[in-house]
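Chain lettering (A, B and C) follows the sequence in which the chains are written, and residue indices restart at 1 in each chain.
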Amino acid sequence: MPDIGGLALWLDLIGIFAFAVSGSLLAARKGFDIIGSLVLANLAGLGGGVVRDLVIGQGVPTSFTSIVYLAPPLLAAAAVYLVSSRLNRINRWILHFDAAGLALFCITGTEKALAAGLPPVSAALLGVATACGGGLLRDVAANEVPRLFDHRDIYALPAFLGAGLTALAGTLGVLTPGTGVGIGVVVYALRALAMRYRWRAPLAARGWARPGRSRDG
Amino acid sequence: MPDIGGLALWLDLIGIFAFAVSGSLLAARKGFDIIGSLVLANLAGLGGGVVRDLVIGQGVPTSFTSIVYLAPPLLAAAAVYLVSSRLNRINRWILHFDAAGLALFCITGTEKALAAGLPPVSAALLGVATACGGGLLRDVAANEVPRLFDHRDIYALPAFLGAGLTALAGTLGVLTPGTGVGIGVVVYALRALAMRYRWRAPLAARGWARPGRSRDG
Amino acid sequence: MPDIGGLALWLDLIGIFAFAVSGSLLAARKGFDIIGSLVLANLAGLGGGVVRDLVIGQGVPTSFTSIVYLAPPLLAAAAVYLVSSRLNRINRWILHFDAAGLALFCITGTEKALAAGLPPVSAALLGVATACGGGLLRDVAANEVPRLFDHRDIYALPAFLGAGLTALAGTLGVLTPGTGVGIGVVVYALRALAMRYRWRAPLAARGWARPGRSRDG
């Protein structure tokens, strides 16, 4: 979306803020201190994009050249510090901010990979990696089983869909602010519905009866 | 092994498939869904190579430019979905596929690092990182203590040997398909024997009596 | 500090050794074998610098081009093998070696980022990432909640201070061996005092009463 000027930057910053809030809320739930909150906000908000930029390989990742990218994690940690103790369902809030970040990043990640000249399928895969990477780093760093792997709901599938649609729109030359926002709404709605109605994907193994059984089960 | 045309690619794809199967089997054992299986298959199969390519720094990692690299993880997740519920010793199968990936990757990783002009010792180290990296990412993402650190068997030592022999053969100019396959067989055999007879390396601390004792023990 | 010749290299090697010892000691405490000790020594000692070099993007990370960088992790694993079973407070030793690495890396990391042309604020952030990255990789790989997030003491704050002071000194043109060593002493002293007197930072959430409460608390 090189033609839409500041919009791409704003979408990026909003996505970073959303993931950063999910990181700071996780820090609050785990009882980490304010510095841990800042670190998890940065990992969740900027981690996926740094991985994307390293893979694309066009110089220093944007998060380290533009100071403006440091604002969303700072704001997120401050906001969580001020309000999170009044949230009585902190985990639900983590999930919604995480979903917003997922919706935005699968689009902006795919778009940046397309702009760097990657083939559409690879660009979509990198978009998924951008969208899931920050949350994966956040959960791994906090020593949690990543939300991404929770079989009780559908996490990565909306990102696959959003990244695929973005790559398709980019290839067809119809990736505009309108289609971008439309794809983002679809991804967020799908993720929210999956959480609300506890949609589940098939397990990794067909007919697997008891997840979590013994190691040699 | 630039002289052997398609063979290097096939060895790479087989190594990716082997690690990807180990990732999908781990997803099955942990009760993750099919998407988690795909993600762990990609992390285990492609993660080590992406890290290697980022370190070598010659443009976008191959996994993101050639679509063919996406096939092994897809096939692995599908195969595990279809057959893993009939495996009654799933952990043993993880280990054998993991060993095959280890044997192939310590050779191809070292060879690519040599081709990129790294000195032999560094090339061997990067080969070990390629071979152990995917499995480490797989286990860390699944919130498991990495297999790599299990003191009950010998994991990284065969990779060190294989990478060292590959760097030596490359330096001497005798790295052919024949020597490559020979090294791979030695690495796999060593790893399989280590598992079969529970060979152990010395512990990190001499005379350390009780692993897992209290934190200030 | 390009003007001070070998000193920057020695500080780097000492920092790597300090972090590497913390990695090998963690391997000893967790009951890993000598290979796990080597791997954790390399991850803790070289991991932060590799991430820094990948972000700066000026060719292959130094750890993979200069064989001398492999010596500190080897020495660290050997030293821990020989003496750690006689340490009766192994966790305290981990903390002190970790603090020394932190003090050195927040300075050398920031300095290298400045030399690569990053703006001062980003250079300081990358210095913090270099300083905290190795320890984070070490703890994450060993499946521990990272020390970085322990609310019972102050870990990253001294690194932020040291990186900030280094960026400031670099911008003002007064980054000499003297000021560098001075900043390092301040960072180490601050970290040691924080451990000794159990200084705490505010929690991630204001008024949060019970860290570690239930997920939907």
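Convention: a contact is a pair of C-beta atoms (placed from the backbone, for glycine too) under 8 Å apart; a residue touches a chain by one contact, two chains touch by 3 or more.
Just so it is clear, the model here is predicted, and its values are computed rather than measured.
Contact with subunit B and subunit C alike is made by A. For the touching copies subunit A and subunit C, the fraction of interface residue numbers used by both falls below half; the interface is of the different-residue type.
Subunit A and subunit C have Cα centroids separated by 28 Å. In subunit A, the residues that reach two or more other chains under the touch definition are 54, 57, 140, 143.
On the side of subunit A, the complex with subunit C involves touching residues 24, 27-40, 50, 54, 57, 59-61, 64-65, 67, 70, 77, 80-82, 84-85, 88-92, 140-143.
Taken in their complex, subunit B has these residues touching subunit C: 54-57, 113, 116, 118-119, 121-122, 125-126, 132, 136, 140, 143-146, 148-151, 154-157, 160, 200-208, 210-213, 215-217.
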